[in-house]
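Presented below are the structures under discussion, each in the form of structure tokens.
First chain A sits with chain B, and in the next complex the same chain sits with chain C.
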Partner chain A sequence: MEVLGQVWDFFATSMMRGGMYSLMAVGLALVFGVMNIANFAHGEFYMLGAFFGYFILSATSKLGLPAFLPPIICIAGAGLCVALVAGIIERTSFRALRKRSKGQWLMNTFLLTLGISIILQNGSRIVWGGRYRGVTRMWKGDFLNSLLDYSLPPDRLIAFLIAVLSIGGFVLFLNKTTTGRAIRAVSQDEVGASLVGINLGFIHTLVFSLSGLLAGIAGASLLSVTPASSFMGTMPLYKSWFVLILVGMGSIGGSIVGGLILGFLETFATTYLSVYLGSGSSEFVCLAVIITILLIKPNGIFGKSVKSAVE
Partner chain B sequence: MSSHAMESNDLTKATDPPANPPSIRPPVRGAAGDPALDSYSKAIGTLGFSPIGLLATLMGLVFLLTMVKDESWVRILTSAIMYGALAMAFDFTSGYIGIVNFGFAAFMGLGAYVTGCLSFHLGWSPWAGLVPATLAAAILGLLLGLMTIRLGGIFAACMTWFVAMAMLSVSSNWVTMTRGATGLSFPLLLKSADNFPYLVIMVALALFSYVALSLLVRTKAGLAFQAIGQDQEAAAISGIDSNYYKVLNFTISCAFAGFIGWFYAHYVGVLTPPVLHTKATVEIMVISYIGGRGSLWGGLLAALIIVPSMEYVKSIQALSDIMELRLLLYGLLMILVMIYYPGGLSELLKTIFNKLGLHKWISAAK
Partner chain C sequence: MLRVENLDVAYGHLQILRQVNMNINNGEIVAILGANGAGKTTLLKSVMGLLPPKAGKVFYRGEDVTGRAPFELSRLGIAFVPEERNIFQAMTVEDNLLLGAYFVKDKAKIRSNLKEVYEMFPRLEERRKQLAGTMSGGERQMLAIGRGLMSKPHLIILDEPSMGLSPTNVLIVFQTIKTLTSQEVTIVIVEQNVDATLNVASRAYVMEHGAVVMEGSSQELSQNDYVKKMYLGQS
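Moving on to the complex of A and B:
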């Protein structure tokens, strides 16, 4: 039973981490694939999601609703708020840059998002202060523990389920709806898409908001694992870029698999290798893996060419 | 460079009228074609300075070495020039071959930690650490360049970032070597507690960096850097081995980062892991981009303006609690420059001087 518990623990932690990395990486890949923006403010959407989630959760839990409702409202509300913020950012900055930019669009967006990230980090710090805001448990009730006969915190498992549901819903949206098809069309050919009457400005804002939505959901649903603070976004940003480089830029299907790979890799390194390598082991292992992969396949595991984005 | 004016006289005039109309004007002193000025500017140009740049540098030097007496101002200016030198080394990569070294602070930190560890564990004198610090950063830059630079663009930026994050993790976890977050403390460069000698040393280092980098830009390799930065495929067609030159450029830039890191280590005397953090890289990047891409001196000028004004913001009583405001201003400046004036400060000055018909004064002749 002991060994089984360890194996189960290993898998559960890997899946939870991997699911969240996928959720973050998918939004990043979407923005990269459709808008050709290297978004380094993606981690700040995660951070905003955690903050909004915390405030919504603390407001709704006082209302006396049934126990399962506040977390749902919290995660959905946080996602929507972050999507709104992302939409405003797209309208005010990227639109202006798009009008003026002559060359080097990708590098300019990289620097622009860095500026946005600095503003969001320090602005949130000014507004909300340096205190960590987290909850010990998001989902009340022990139904899962009795079900699985193992004392795993339900928050992690539910976080994984939320990641699966969000990504599933997102992929369905992209493949089955007219708007989703329009997004894919823009990612393939902007000029062609605008010729058949797709409103490019709307699609750009929508895509940026969607990536914000996914990151916000990730931030809010992990509130009990990583408490909200202004500078928390660097790690998720780092991980999601890692996934993108690992699997090849802009591939959505690849990002989902890549997130899970990274989750397993990290959990493996921290569980089994930290004895030999010290507490920074997961970083070394990840770096070694990515350098090896880039030496063998410079475009990433699934990478074909960069411009075949949202397929 | 200096051929700019000649080209615009005959070839590009029809397509590009507002840029430089010098041939219409009578040959005034300081304008193109003045033989006296030409010979002077050639002499200065061998050192990598433009006439106006040399004048500004000399005036700046006189001001720094005679007028600045206040201890706190000495420290502020020292750190401003240090940031400027780092921004120049950063610009050498980002402005010329178009690759963003997003782990730049880690290379500086590596240089700092190498000399720090040598003097802490082995008792080396601070001066002896100069060569190992520069070499360590250069070797890491060479290895990383060989592995990742051929990927180009955002891949290279991310890979340098990943390596920097791994180095941050090493510096905080390898406690026996770096003493982690407790901080590694070791002797300062000089025995005296006076701040002024450090300013003099930093000015000398910055001048050396500028002259070395701008002379490098003027060599054949420098031409190759610019060609690669403008259009890599066209450069490859003209027979430039772009991987070789990119790795060369990256290694040199990293070596300078380590070099400045050596000074930083023995100027502050204490090292903690946040020196290597992405935030430090971002600060250098912002200064370099506000200064203007591909100008080298732009970063130094921007640092001399931005760092003291940030200190001023910090000193305002009502705002002194809000450290984050400083960084917020950095971010805002960055966004505004990126959207509305991507050429930065150097481009602005060049435009102003061109409007005044003084374009010969701001370009270093060959």
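Moving on to the complex of A and C:
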């Protein structure tokens, strides 16, 4: 039972981390593929998701609802709030920039996202202070424990399930709906998209909001693992960039697989290698693997030459 | 249908179009002729809202549409098939066509339009599951034209539709243009294939160095000595 428990623990942690990296990376890939923006404020969406989630959870758990409802409201609500913030950011900054300048777009937007990131980090610090806000446990039910006959932290598995459901829903939306098809069209040919009657401005705002939605969901559903704090976004930001570099920029299918690979690698490194390599082992192993892969396949594992950003 | 008034267009400080005037009536086929670099594509792009004009106005069905975004003009019923085609390379042929009917809400109408386009270009139906980026140059051309037709536009603007097509396919394109007029579609066409174009067009404008230098019925123009010498290669 001891060994089985360890294996379970390893898988649960890997899948939770991997699922969350996938959620983050998918949004990053989407924004890069459709809007050609390297978003370095993506981690702050994660942070906002955690904060919004915390406040929504504390408010709803006092209402005496059935135990499973507050976390659901918390995660969905946090995602929607972050989507709203992201939409407002897109309208006020990127749209304004797009109107004024065409040249140096990638560089200018990169700098803009850095600025937004700093404003959100410090703004949240001013508003919410430096205290960590977390919960010890999000999902109350013990159904998994009784099912499997030993203690298993359900939060991590449920976080993974949420990642799977969100990404699955998102992929369906992208491939099966008219709006999803329009998003893919914009990523492949903006002029062609505008000629068939697609409102580019609307799609850009939608895409940015969707990336915020996914990151917000990630931040809120990990509240019991990583508590909300103003500077918590840096780690998931770097990790999701790892994923994009690993699989090739802008591939959504690749980001999902890449997130899982990273989750397993990292958990493996922290569980089994930190004895030899110290506390930085997970970063060391991840970067070493990424460098090796880039040496062999410079475009990333799934990198292609055709521009087909959103697939 | 479409009226262009004193249009000036520039790329930065480089002025390309000077005082262009044009008037296209409902149901007409009008050709725009001119040597390479005369400014034909520039004119079409600024009509379609892809290039903001420096001065002048564009009217569509009596309404001032100067400076409107391409997607708005598209929804008003103007289809533009650009020289670069701008198809969606990583999507299938059929998805490209369906996107051509992006703002059409009626599913049954989309299906019947798709059927019509497939009847016009059977080649596209054979390749409907193929990725557009892997199609040959001529097939892409057909796809771009087909996509333009999917929304049943009132006005269709074609920039060199026969470029890169084999003689049989050029014939198909010109036949398509002819059938479209019977459906009360107005057509503006830019072509290097002057002979064939004057055959289907009712009127034509001749552009040189960013200005309209001549206009008239196709018959008049094909008889004109200057046009014969410069564009038809006859002495």
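Just so it is clear, the second predicted complex is superposed on the first by the 308 of 311 C-alpha atoms of A that agree within 3 Å, B and C clash if a C-alpha of one lies under 4 Å from a C-alpha of the other, contacts with A are read in each partner's own complex, and residues count from 1 in each chain.
Here is the rule we go by: contacts are C-beta pairs under 8 Å (C-beta built on N, C-alpha and C of every residue); 3 or more make two chains touch, one makes a residue touch a chain.
All of these numbers come straight from a predicted model, not from anything done at the bench.
In the three-chain model built by superposing on chain A, chain B fits alongside chain C with no clash. When the two complexes are overlaid on their common chain A, residue A:197 makes contact with chain C while staying clear of chain B. Within the superposed three-chain model, A:112 lies in touch with chain B and out of touch with chain C [touch as defined at top].
With both structures placed on the common chain, the touch criterion links A:104 to chain B but leaves chain C unconnected. Of the two partner chains placed by the overlay, neither chain B nor chain C lies in contact with A:59. In the superposition on chain A, A:298 makes contact with chain B only, while chain C stays out of contact range.
When the two structures are aligned on the shared chain, A:93 is found in touch with chain B, with no touch to chain C. In the superposed three-chain model, the partner touching more residues of chain A is B, compared with the other of chain B and chain C. By the touch criterion defined above, A:242 lies against chain B but remains apart from chain C after alignment on the C-alpha atoms of chain A. In the overlay built on the shared chain, the residue A:72 is in contact with neither chain B nor chain C. Taken over all C-alpha pairs, chain B and chain C come no nearer than 5 Å in the superposed arrangement. Across the complex, chain A is touched by residues 98, 100, 147-148, 150-151, 153-155, 157-159, 161-163, 165-166, 169-170, 172-174, 278, 282, 285-286, 289, 322, 324-325, 327-328, 330-335, 338-340, 342 of chain B. By the touch criterion given at the top, residues 38, 93, 96-97, 100-101, 104, 106-108, 110-112, 114-119, 121-123, 125-126, 234, 238, 241-242, 244-245, 249, 278-280, 283-284, 286-287, 290-291, 294-295, 298 of chain A touch chain B in their complex. Chain contact summary for the complex, chain C toward chain A: residues 48, 50, 69-71, 74-75, 79-80, 82, 84-91, 95, 98-100, 102-103, 133, 147-148, 151. The touching residues of chain A, when paired with chain C in their complex, are 178, 181-182, 184-185, 188-189, 191-200, 306-308, 311.
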